[in-house]
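A, B, C, D and E label the chains in the order they appear, each numbered from 1.
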Amino acid sequence: MIKQLSQRLLGPVTLLLLALTFWLGLWVTPPDKVQGNLARLLYLHPAVAWVALYVSFGTATIASALYLWKRSRSLVMDRVAHCAMEVSTVFILLTLITGSIWGRPTWGVWWAWDARLTSTAILGVFTVAYLALRRANDDAELRARRSAVFAIIAAINVPIVHFSVDWWKTLHQGATVFTQDGNLLVHGIMLWTLFISLVAFTLLFFWLLRARYRLDVLRGERDQASLEEALVQRRREGVH
Amino acid sequence: MIRVAWLVAAKDLRIERRSRVLLWQVLPFGVMALLLSGLALGAAHAGHSNAAPGLYYLVMVLVALLMINRSQVIEGSPGTRASVATLGLDPAGVFLGKALALAVELWLTGVVLLAGAVLVLHTALGGTLSALPSVVVTLGALAAAGTLYGALSGGGQGPATLLPVLSLPAFAPLLIAGERSFSAALYGGALLQWWVISLVALVAYLAIGILLYGVLEES
Amino acid sequence: MVALSDAVVLVGGFPLLSGVNLELSVTSLNVVTGANGAGKTSLLRLLGGLVTLTSGTGVVCGVDLRSGDLRELRRRVGWLGHEGSFYDDLSASENLTFAAKALARPTSEIAGVLDRVELSSRATTPAKQLSAGQRRRLGLAWLLLRRSELWLLDEPYASLDDEGRTFFDQLVGDVVKSGATVVVSAHDPLRSSALAPRTITLAGGLVVGDHL
Amino acid sequence: MVALSDAVVLVGGFPLLSGVNLELSVTSLNVVTGANGAGKTSLLRLLGGLVTLTSGTGVVCGVDLRSGDLRELRRRVGWLGHEGSFYDDLSASENLTFAAKALARPTSEIAGVLDRVELSSRATTPAKQLSAGQRRRLGLAWLLLRRSELWLLDEPYASLDDEGRTFFDQLVGDVVKSGATVVVSAHDPLRSSALAPRTITLAGGLVVGDHL
Amino acid sequence: MIRVAWLVAAKDLRIERRSRVLLWQVLPFGVMALLLSGLALGAAHAGHSNAAPGLYYLVMVLVALLMINRSQVIEGSPGTRASVATLGLDPAGVFLGKALALAVELWLTGVVLLAGAVLVLHTALGGTLSALPSVVVTLGALAAAGTLYGALSGGGQGPATLLPVLSLPAFAPLLIAGERSFSAALYGGALLQWWVISLVALVAYLAIGILLYGVLEES
């Protein structure tokens, strides 16, 4: 009952929160002292990056780990991992795009050889490589196992992306919202907007994931139907 | 000769289109290699722009090595080669066809990675565009030379490690010519001269291939 | 020893096996026949744990094909496929040495085994330079070292010469007598009349005939 | 058609053939037999211009094996080897289309050829997914398109099923009748009694027996 | 596990020793790549020394890719894999053995190319020597990771192009860590920190391999 309701509500709530984010971000919050209206990317870029790095990559990693763990091994987990990784590819791309758009006016270039930027791009290649690996394997079981192992190895890179700003001390914004000692650097309505944007994009991820997963299930059903057909045809090969 | 060339090129490209190896494996590799070589130079060379043409061609040579290898591997096992040999295809045509298919693949990847160079290595858009003709010719020469070296290295039957060591010395002049004309297009200099060198290399490799490919085919 | 029910094996959406029901008893000799593409090789691969069961159930050597440890199963079968079964770059005797060491078997057996398959004169030739029949013989030698419970032999007669086939028949007889189960896929009937195999006929990925 | 005298083929210092003397006439059916490693495959490869003659002399299809144009020779032979003879990544019909175009033959023949070797139902399956026997059949289809003067077939029976072997016998009969020369290496005698081949026995890279 | 590891490593090294692929193909490729990447940067960066550690590791990664590919190819055709699978070797042992063989090969090549770096990229001899421990560990980590990725990419059965795209992103951190500690050894800086990162990576990859290699083996 609750599950059904929450599923029903996921879409509308996501849209509502996204709309709220845009309204707050574009009209309600004040422009930044230094960056002016550019600072409004604060409500887009960190949220997208957060989803890309932790929510979607995390989902894919956990699903892969669950697949590898003998007791929870099922192709459902494999499917979740695959869908999450696909959505992750999109979000990493969005992170790169929004970051580049932000970087052009602030740093003067679309791209800098900054540790976080580079490691994010590398993470993007990881997701593409994951998809390439899936394409290269026919056998469902083998594919599931190989891609699960690959996803786990790839996950090692997430902390590298996160800590890269501290380790290399380069261009990209360090921890801005929460500093090491727990002090808030952003206040009031801006903080709220930031927070809402995080929730909104997280929900957006789950919405997309569910849509993608459903598509996969539909495909699976269609495959099942064509499988019946293929079985009948194969059996008929015997009788001349 | 031309008929055979079309036939062979169509076959190679069909196999590539089907397997999507180019799109899913070689292209991401190229992007990654571009990122990595940028990184390897480290923050010390923050203004990478000067090194961009060199890095671009370095990556393209690596990409070319993978593609040449693949172009030979799809020719199949010794059994397949024996059968195809009995079709008596004109070797000049086979050479041209394989080189053409390889060139098409290299051009596609080359253009994508040029865009990558503009984005991440900050080459000027105008200059990059004006380097296009020289890139096309240089990559064409790489394709022709690569097809020859692919056959030389035992056509995918020998270990995959023979190709790199054989072909790298031959690619070095192409790499330099390409890099110089790309540099010239970006920062000014004698563009035409290097472009002509690439063109001469292209013609020379095509001529050698047409004349000698038959000699190389597996006996 | 082997119990399959409604076994389906799918690869890339195509059913290699489309619902096989089969029981094989211990210490038996079984020949699988059928037209090209009927699914003989696929059946043998399934029994060897080299391909996964998509639906249906199966137990081989006490290992469940769906939930059991396939590696455990593989360890207990001997496999001779269409293609070579050894390292091409190692010589015949080096290949056998590797296998013997992997199985913790004394390497002193090797010379004898090579002699039995008449490869002593090619002991130091790299496997890739052997002729088709000699490769088959090396495959048999590799099996002789194994002494498995379940032998899976895919068209063992192919490329073997007359003498080789006689040797093979004799070998299979011995193996069955010593308590193993043998499954052979073949297009020709076995030649030795002393062997009385059960013959299973496949067609379209199904068992369509079965007689002793 | 074929005339070899003292033909020696050395590869890596090892004599695959150690002095073969052989004459084959046009429009004949010849079976080469011999123990494993006797040199059957090597002889066929020599006749097909796929390996070079080290010493001795040889003329095949009017082409001198030492000084002639081997490519010219290859163009005139049809070859069926131990291994597959087509592009693994292309489907059965794409493979035949490639061959037909290469030979400037109309592509309309292909459907008929696929039907003759009973591969119509696998026309769009990539060659690498075919079963061992189906690959053999595709090899035969490739040959059917060729219509060469000299057919070199290395153990064609291997992995073919009953029906396939019958088809093969019939095909060989037709081919010889239509004026070609066929050389088959085999461990089994041909099954069709209508064929009366000349049988050449090899041992140790030499011809040791020859009877009609 | 250890027994199997020795057995497998001995087999791999014996095949390599026999075929001499390492000596005649991979090593010359490495030397040439080092020269070429020096060239590609052009005269503009005449004082290469600063880029030397990056170039060195870039080349080592390329060399490693070739070796990983080879390490999987020698495992043979699907038929061979099926037969070997029925030997029931402990997968952790197989992983360790293959990684060990690969590491030995990489170390040999690595040392030769270090000498090359001193000669053609003019790195200081003392500094280069003091980078040796970090080079050994980093190349070891490359070997462990490479063995995993080799198996992931289909064990030499898939197209040879899958391996580079799978493994390059994972090699990037190793490359950086190696480069930094080499740089530190040459020009001063926090050597130990990067060395520890390589060490952690080595241990992590060994652990993953021992735990998960069995899952990857062909089913």
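Quick notes on this structure:
In this section, a contact is a pair of C-beta atoms (placed from the backbone, for glycine too) under 8 Å apart; a residue touches a chain by one contact, two chains touch by 3 or more.
Predicted model, so just to flag it, every value in this text is computed and none were measured.
Hopping across touching chains, the smallest step count from subunit A to subunit D is 2.
Looking at subunit B and subunit C, the chains that touch each of them are A, D, E.
Counting contacting C-beta pairs between every two chains, the top pair is B-E.
Once the centre of each chain is set as its mean CA position, subunit A and subunit C turn out to be 47 Å apart.
Computed centre separation for the pair subunit C/subunit D is 29 angstrom, with centres defined by C-alpha atoms.
The mean-CA centres of subunit A and subunit E are about 31 angstrom from one another, to the nearest whole unit. A straight line joining the Cα centres of subunit D and subunit E is 45 Å long.
Along subunit B, residues 19, 24-25, 28, 32, 35, 39 each make contact with two or more other chains.
Multi-chain contact residues, meaning those touching two or more other chains, occur in subunit A at positions 122, 125, 128-129, 132, 136, 139, 141, 237. Counting partner chains per residue, subunit C shows two or more touched chains at residues 12, 14, 37, 51-52, 82. If you check each pair of chains against the touch rule, the ones that pass are A-B, A-C, A-E, B-D, B-E, C-D, C-E. By the touch criterion stated above, subunit D contacts subunit B in their complex at residues 45, 48, 50-52, 70-72, 74-90, 94, 98-99, 101-103, 139, 142, 146, 148.
By the touch rule above, subunit E contacts subunit C in their complex via residues 4, 7, 11, 14-15, 18-19, 74-80, 82-83, 85-89, 91, 214, 217, 219.
Partner subunit E is touched in their complex by these residues of subunit A: 68, 122-123, 125-126, 128-129, 132-133, 136-137, 139, 141-142, 145-146, 148-150, 152-154, 156-157, 160. Note for the complex: subunit C touches subunit D at residues 12, 14, 34-37, 41, 82, 122, 129-134, 136-137, 155, 158-165, 187-188.
The part of subunit E that touches subunit B in the complex is made up of residues 19, 21, 24-26, 28-29, 32-33, 36-37, 39-42, 44-45, 50-51, 54-55, 57-58, 61-62, 66, 69-70, 73, 159-162, 164-165, 168-169, 172, 175-176, 179, 183.
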